[in-house]
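Chain lettering (A, B and C) follows the sequence in which the chains are written, and residue indices restart at 1 in each chain.
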Amino acid sequence: MAFVLEVLLGGLLSGVLYALVALGFVLIYKASGVLNFAQGSMVLLAGLAFVKAQAALAAIAPFWLAALGAFVFAAAIMVAVAWATQRFVLTPLLNQSQLSLFMATIGLAFVIDSLGQLVFGSEVYALDIGLPRDPVFLLDGVFDGGLLINGLDLWGAAIAAVLVVALVLFFHRTGTGLALRAAADDHAAAQSVGIPIAWIWFVVWTIAGLVALVAALLWGSKLGIQFSIAFLALKALPVLILGGFTSIPGAIVGGLLIGAGEKLAEVFLGPMLGGGIEYWFAYVVALSFLLVRPQGLFGERIIERV
Amino acid sequence: MLYHEAGQYKTTYAQDMALLPIAQERWSLAGLLVVAFVGVPSMAFLGIPPFDSDYVFSAILLPFLILSLAALGLNVLVGYCGQISLGSGAFMAVGAYAAYNTAVRLPELPILVALLSGGVAAAAVGVAFGLPSLRIKGLYLAVATLAAQFFFDWLFLRVKWFTNYAPSGSVTAPPIDVLGFRLDASVERYLLVLTIVVLFAFGVKNLVRGAIGRQWMAIRDMDLAAEIIGIRPVYAKLTAFAVSSFIIGIAGALWAFAHLGSWEPLTFSIDRSFHLLFMVIIGGLGSILGAFLGTAFILLVPIVLSRLPAALGTPLSTSTISHLETAVFGVLIIVFLIAEPLGLARLWSLAKEKLRLWPFPH
Amino acid sequence: MTGMQAMDAMTQQTPTIQHHRAGTAEPAAGSAAARSAATRSAATGPADQVLLAVDRISLRFGGVNALTDVSFDIRRGEIRAIIGPNGAGKTSMLNCINGFYHPTDGTITFKGERRAHMRPYVAARGGIARTFQNVALFRGMTTLDNIMTGRALRMRCGLWRQLVRVGPALREEIEHRQVVEEIIDFLQIQHIRKVPVGRLPYGLQKRVELGRALAMEPDLLLLDEPMAGMNVEEKEDMCRFVVEANRHFRTTVALIEHDIGVVMDLSDRVVVLEYGRKIADGTPAEVKGDPAVIKAYLGVAH
């Protein structure tokens, strides 16, 4: 029993990372109707930029200052990416079909991946932002020996929770947030009441870039920064399907469900199927779910008009 | 004046609906086919460069033809029916492994039947993964096809039956026999592949200009309106999935049997899927010619990139070149989507329009 | 493929006309109906036979009542107008008739058969064609191909024959091309035959859309504001096409239109909706004099 719970908790905590990546997708989809295939690449780029800047600064500054400086540097890179994307990809493709925009973000992913690695190198880098790595024992009283949890994961979950609360407040309590939601509903109408669509896109992509940076820090602390992050982020796509493309709570619940389901499946079903089913399990779950409830757990059903 | 149409009257609907209504185009195509079927092999036979080397066939012409075939198949789905697929690599893999297993387990069957079984298996898988397209659209479907990619990557890597329990996971295709002739030389395999590709190109052309093609395009352009005039989305979408993945499956089997000979499970990875999608976008969505142009273009980029720096006197490392190649692909996709969403094929037809009017601008 | 053919066979077997629901039929309307009867003597059966009956239809989206308790009928061979202020539920009504929306309550009887939940393509198979308020053409295809898609239901050659093309598939293609060319002649759009419809001006697009609907040779043609956004000449042309389609092809027409002049001239009977409810039903003259209509609609418009 304790073992099952341990697997479940481990899965839930790794689900936090999926949820963070999915959150980046949702933000951009909500505001611009674009499924940003490059979200994973943005995580990779943010991680690479951070690691490189931290290493450079560590020689001349104390640890916390180097980390802070690296964060600012990586954030600046993400702002630049957001601006360039808005300027050179989104604006020229205004009013094109969702599919064209999606394919353009595949192109964007290729560009970000390759330029990131050309500039920052393509080895595997360790990332340390000073989060404790000690194992933590939970529920000592209930189970014999308690449940073994990585302290890093708990910190990750806490940081992610703070980020989500901040984002929700931003969307619902600020004027920019309101404008973002208006633009999401109808580009043309939002423009006609004076909401500058290019600015909105820039803001949203910046926020998504910062979310990607946080995801990179948490993910990198755990597994290091390497090229496969860009692909691991594809794991967030089933999360979107489960949670709905437009729902922030959906991204979080979906992420947790996929994280937990995947680990449980790997531990209990994997051995029967030859192992490695983590690779596709989330997709198959999402696909079966699509057939039952296409709009996702929290997505709105849209009435089609002609 | 090259394209002067004057004097070519069409007096029946059959003439008006002909494949190439203009005489100049008919002659050009015939010429091209003669060169491909007769000219190239005889030059190889006579040892005229560059066709005297095996390299031209095994590294340029065979990959070009086979990937064009796959791009043609993908274009049926994406370009004509408007359903996006990121899983074409997986469908190629299904074709390759189905053909391999048929050939290995039923050695008495002719190899052509084994290749065909690759297409049939891929079509079945394509229909299965196309089923969600009845409930979901656009982006959701993209995720569904990604699922196919990940699932089959895993299946051929982990389930040893498919690789006939080969210890390394790498398998070798049996030699190709056609009616008792063994096709050993690259030229011979080139002729087989060329024949298949030309047959499929004409077949697909027939489909897309017939009733089923119009149904596909109707679904692509406005699925709700299509349904309201009586087109059954189930039938239109699933036939597109079946035809498309059948062709991609055949291409996969040919890639394995006629091009690689032996291959590993990750030969047909998601990168292959992306490359095929790029070929279709750059070549031209919804164009047969586009599939060929796009493939040629995508194959040329790495060749140019790997030779250009050395030629300019600044040799780069292989990893730099491969990153550059990726970046160039990415930029090209974005540029084409913005500037010419209908791709090279559209540029070609614009050029033709100009030629028809030439030398007078109006 | 076989499923598709089986489905066709089923629709062909359905009895085309049945006497029914005499009680709910509208009282015979004066001169317009008489005129209809005279011009449509060749139609199968008496002219006042009900082709489609809508009985106590309600349609709700969440808390919004788009339609409440609406009943009316459409007789074989007539031109029936549906009018009402914006948001009255006219388009929702058409959407219910051709299976795009499923009414929350009430029944629709078409050709004497009470319909269950039905997908739009099944409605099309039964003989209902439709044009849209905002043109819904296939933008990437030529005028010719767009109208040819209207023949989709009538083309029988399967995938394999189309793959070969030479032979039956080509013969079928030419046969239907001839029908389509007649429609192109009728609508006077020969010159744009091979132009992708995305490049056409709005007025011509509307004409092509009518052509696509006519190519289906429908029993019932639903037109959603066929003249919206047109200038006077284009409107006159479109009116002519609608009347001609009604007379020559013996197509029953139900149309939504805002131009009262057009409605009064064209239609045999008019049903008036307001806020999703029926407020009047009758000949143009009767409706014009109805105080409820004047209050709700004409009073505002004029």
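Here, contacts are C-beta pairs under 8 Å (C-beta built on N, C-alpha and C of every residue); 3 or more make two chains touch, one makes a residue touch a chain.
Model, not experiment: these values are computed from the prediction.
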| item | value |
| --- | --- |
| Chain whose Cα centroid lies at the greatest distance from that of chain A | C |
| Middle chain, criterion being Cα centroid separation | B |
| Mean-CA-position distance for chain C and chain A (Å) | 49 |
| Distance between chain centroids, defined by C-alpha means - chain B, chain C (Å) | 42 |
| For chain A paired with chain B, centre-to-centre distance based on mean C-alpha positions, whole Å | 34 |
| Junction residues of chain C, two or more chains touched | 100, 132, 136 |
| Chain B residues counted as touching two or more neighbouring chains | 224-225, 228 |
| Per-residue overlap in chain A, given as positions that touch at least 2 other chains | 306 |
| Chain C-facing residues of chain B, complex | 12-14, 17, 203, 206-207, 210-212, 214-215, 217-218, 220-222, 224-233, 235, 239, 243, 286 |
| Chain B partner contacts - residues on chain A that touch it in the complex | 35, 88-89, 92-93, 96, 98-100, 102-104, 106-115, 117-118, 122, 231, 234, 237-238, 240-241, 245, 273-277, 279-280, 283-284, 286-287, 290-291, 294, 304, 306 |
| For the chain C and chain B complex, residues of the former touching the latter | 1, 3-4, 98, 100, 119-121, 123-125, 129-130, 132, 136-141, 145, 148-153, 155, 157, 159, 162-165, 169-170, 172-174, 177-178, 181, 212-213, 216 |
| Residue ranges of chain B in contact with chain A within the complex | 82, 84, 131-132, 135-136, 138-140, 142-144, 146-147, 150-151, 153-154, 157-159, 224-225, 228, 270, 274, 277, 281, 319-320, 323-327, 329-334, 337-338, 341 |
